[in-house]
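Shared between the two complexes below is chain A, which has chain B as its partner in the first and chain C in the second.
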Partner chain A sequence: MNIKIENIKKLNVSKPLKLDCGKTINNFPLAYETFGTLNSEKDNAILVFHALTGDQFVAGMNPITKKEGWWVTAVGPGKALDTDKYFVICANVIGGCMGSLGPRNINPETKEPYGLDFPVITIRDMVRAQESLLEHLGIKKLLCATGGSMGGMQLLQFCATFPDKTFSAIPIACSSSHSAQNIALNELARQAIMADPVWENGKYLKKNIQPKNGLAVARMVGHISYLSEKGMQEKFGRKLQEKADYEFSFNADFQVESYLRHQGNTFVERFDANSVLYITRAMDYFDLSKQFQGGLTEAFKNQKTKFLVISFSSDWLYTTRENKDIVIALNASGADVSFSEIITDKGHDSFLVDETEFLKTLKGFIDSMYEKLKNEKRI
Partner chain B sequence: MKKEFRVIADLLENNTRVLDVGCGDGSLMSFLKDNKNIEVRGLELNKDNVQKCITKGLPVIQGNAETELHQFPKKSFDYVVLSQTLQAFYDPDKVLKELLRIGKSVIISIPNFGFWKVRVKLLFFGKMPVTKTLPNTWYNTPNLHMCTIKDLFDFCDEKKINIIKVIGLNEDKTSIIKRSNLEIKNLISKLGIFLIS
Partner chain C sequence: MNIKIENIKKLNVSKPLKLDCGKTINNFPLAYETFGTLNSEKDNAILVFHALTGDQFVAGMNPITKKEGWWVTAVGPGKALDTDKYFVICANVIGGCMGSLGPRNINPETKEPYGLDFPVITIRDMVRAQESLLEHLGIKKLLCATGGSMGGMQLLQFCATFPDKTFSAIPIACSSSHSAQNIALNELARQAIMADPVWENGKYLKKNIQPKNGLAVARMVGHISYLSEKGMQEKFGRKLQEKADYEFSFNADFQVESYLRHQGNTFVERFDANSVLYITRAMDYFDLSKQFQGGLTEAFKNQKTKFLVISFSSDWLYTTRENKDIVIALNASGADVSFSEIITDKGHDSFLVDETEFLKTLKGFIDSMYEKLKNEKRI
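Presenting the complex of A and B:
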């Protein structure tokens, strides 16, 4: 991985941040990007939390990968998160590798990349770090905050930790605590990386190389879990990859194999293997009810934020049932909550693709919330 | 807004919390929120209706009242409203119990199978009645458990449910229904609206 991350927007967070593991970080970089314009009342800001392998480049062109942002279907002029109307913010999570402090950064004590000396971080640490960015931008209260998958988990944490920081919230395809199945899949990804001899206990960066094989397998695991059984069957079936018959070898005969290999290979160009370890760990440790005695209902006590929870029918990674548990807890705490299950074959990935029903719901909610906020201010 | 909703709205006190079960496109919720300062929540099965509510900024949960009322805590609403759907559930008895658990009071409306036109159609034509209030034929009707206003009176008595007020509706005309005038009102009301607790 040879990406140039010098020229991206970064905030130096000088305020010390005490991490859940007990260690403290200070004077650390938090990379972010913004889209659209913040109005004079500063009430049109939307914060997006990114998922495991996402970054701050939600829309437009990603200057590092030279590809479109990961959420161009939802963010841009006239889209659900309309950048003609709203000011969209996204920060790279700490532990990540797109400019925010992560295991790739130089450890000031050893003058070498942190590697496994980087402290284990949690979803709450990621969220607390991002609060500094809102402070920096002078935003007291967001119009909306949203995120899918791990982004949704950050959002739930954000609402529980800062109950008055956003007018509305849209957690998408997420969970309030990581399930055994999801921990297992993450463990598979981590083991794939750690089994690569190049990984060398996380010290590979000293030699300026990446455990590419392990990292690619880790990505393949992810990609299988982002699709649905039906979606995968329809997309690939048993189709062969540019050949008439089996090769009687272990090359990528099937299209689905070729697809996974391609996803794995492109991923290693833009992502750091140790970051995968750290971020998946943060996801596994996430259990919102554990932080609050009395469980999830207690976590959402006194919420003024208006919620819309969205799940996808074919998502087996963060199921409708798990999303509904969030709704039940919000209901039990008397919060203002809506819930919609989008019927689709596109699996967990649905929130990243052009899924009309989903995008319509997203847009309808955000626009109505902006109107509501304006009305409340008038009164 | 249809007359039925106006009658229901009049039964609700201002500044309360209301759950509208089967809230449709949210027209009742909108009215209650804007005119009576009521804090509304909706439960709706149809996804297009859910989307309409969300676009209007109305809090709605996509779900089935038959199986998903358990998510609402005990007495978490001042009123629970159920408009013309009780007869469509597999187990109306169970649903009603849930409504009474969630709400301090419950408002249910039913299409009255005792309405004279319905009786005439069955009596003289020997066919399942199709009317304005009951527009479906026997094979495609969602109504599994049709009942009359009188049936619901008896049901409440049997289950020891407190009947606070019953209003009969025929087009735009409303009238109070009591045990004393039940026979005649059961004949001339198209809809029955019950406030119970």
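Presenting the complex of A and C:
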């Protein structure tokens, strides 16, 4: 991996951040990107939290990968997160590898990349780091905050930690605590990386190499879990990859094999293996109810934020049931919450693809929230 | 892996077997085990086909692993496959590593272990090899044949290839063709093995070592897919492994992590990595309808065999829908078929564990089939 991150926009966070593990970081970089224009009232800002392998480049061209941003379906002029109207912000999570402080940064104590000397971080640490960015941008209160998957987890944490920082919130396809199956899948990804001898106990960065084989396998785990069984069957079925019949070999005979190999191989070009370890660990440690004696209901106490929880019917990674548990807790704590289950075969990936009903729901809610906010200010 | 297989019961199959890939094998070992006694009419035999990582040791103690046989819940005196009444047979599949011809055997041409020089085999090849065993045992027609998962796939193939070799058949938690998701999961397991540098393009056997890391990761894939999301949540949830709180490390904090690591580590002691490659490939290639111009209905034409198809409600690897497709095809071809979906949270693993309703269903069907057979003979 040779990401040129010199030209990436970064905030230097000087305020010390005490991490959940007990260690403190300070003077650390937080890479971020903005889209659209912040209005003079500073009330049209939308904060997007990214998922495990996401980054701050939600729209436009990603300058590192030279590909489209990961949420171009939702962010842009006239889209759900309409950059003609709203000011969209996204920061790379700490622990990541797209410019924010992470395990591939240089440890000032050793003058070498952190590797496993990087502190184990949590979703709350990620969120607290991003509060500094809002401060820097002079935004007291967001119009909306949103995110899917780990982005949704950050959002729930954000609302619990800062109950008055956003007017509205849209957690998408997420959970308030990682399930055993999701921990298992993350552990599988971690074991695949750590099984690669090139990983060298996290010290591969010193040699400027990557445990590519292990990282590619880890990525395949993800891609299997992001699709639904039915969606995968419809997309690939038993179709062969540019051949008339079985080859009787271990080459990629089936299209689905070819797809997975491709996903694995391209991922290693843009992502850091240790970041996968740290970010998946943060996800597994996420259990919002654990932070509050009264559990999840207590976590959402005193919420003024208006919530829209969205789930996808074929998502088996963060099921509708888990998303409904969030709705139940929000309701129990007296919060303003609505819920939408989008019926689709596209699985967990639904929030990243052109899923019309989802995008319409997203747009409708955000626009109505902006109207509501303007009305409240008028009164 | 140091399996001592010298003392394992083996048949030397002298009849040449033309494989689906075009190659022919002959004079090859087929390891098998029998339980109970074959009666004088030779009409009380039940053939069990084993799953991916199974072997011939269905009951009693496995002499290699020194553990209980993999199907002790179902096979034994007074159990569903009652060894006081029935003669239970199980053979290690070709491609396997428990005594039957597989990639770790010596290639007579090179005098070295086959490794990837072993021919790619199919489910049909496995089944044809086992026909020789029935011939050897003098069994013209089985009372019953059964198997779960890949065992069920072998059974469907057996019935299609030899329509008059068994009086009854119980395919359990299987499919008539591997789905895209199942191919993907198998490919993940293969890639994990092949990513391990110790694998050395399949030639690790020459050095008498195993790609343990990759093989352990491959096994974890399996164990995740064998449980249901709900079952995993109930069994493990977010329980920590002998610690009061998070360790903020990459050790196994959660019980589910510890479980997966243990499963991975013990598997490498008993199984051969190349066998995983070959057997998963055979599963992926399995598509019964592809063998017949008229599809699946044609595959089951002229069946005299009485079928009972069993699925498990929480099995996401071989769903009830896939099992029902077999029932539909059997019905369409005029076969005698009944179907039972067992309601359980135990996932695909249900057929291996003490699942009362399943075991009662199994026992009831087999005993009634034996009665029926006896009655038919009387008339």
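Throughout what follows, the second predicted complex is superposed on the first by the 379 of 379 C-alpha atoms of A that agree within 3 Å, B and C clash if a C-alpha of one lies under 4 Å from a C-alpha of the other, contacts with A are read in each partner's own complex, and residues count from 1 in each chain.
Rule of thumb we're sticking to: a residue touches a chain if its C-beta (ideal position, glycine included) is under 8 Å from a C-beta of that chain, and two chains touch if they have at least 3 such contacts.
As the structure is a prediction and not an experimental result, all values here were calculated from the model.
When the shared chain is aligned, chain B comes close enough to touch A:S338, but chain C does not.
By the touch criterion defined above, A:E200 reaches neither chain B nor chain C.
Of the two partners, chain B and chain C, it is C that touches more residues of chain A. Applying the stated contact rule after C-alpha superposition, one finds that A:L260 touches chain C and leaves chain B untouched. Of the two partner chains placed around the shared chain by superposition, chain C is the only one that A:E187 touches, whereas chain B remains out of contact. In the superposition on chain A, contact is made by A:E371 with chain B only, not with chain C.
Contacts of A:N213 after superposition on the shared chain: chain C is touched, whereas chain B is not. Across the superposed pair, chain B and chain C touch chain A at no common residue.
Contacts from chain B toward chain A in the complex involve residues 41, 47, 50-51, 53-63, 71-73, 76. By the touch rule above, chain C contacts chain A in their complex via residues 20-22, 116, 119-120, 177-181, 183-185, 187-188, 190-192, 194-197, 213-214, 216-217, 220-221, 224, 227, 229, 232-233, 235-238, 246, 248-250, 252-254, 256-257, 260-261, 264, 277, 281, 284-285, 287, 316, 319. Of all residues in chain A, those touching chain B in their complex are 306, 308, 324, 327-328, 331-332, 334, 336-341, 343, 357, 360-361, 364-365, 367-369, 371-372.
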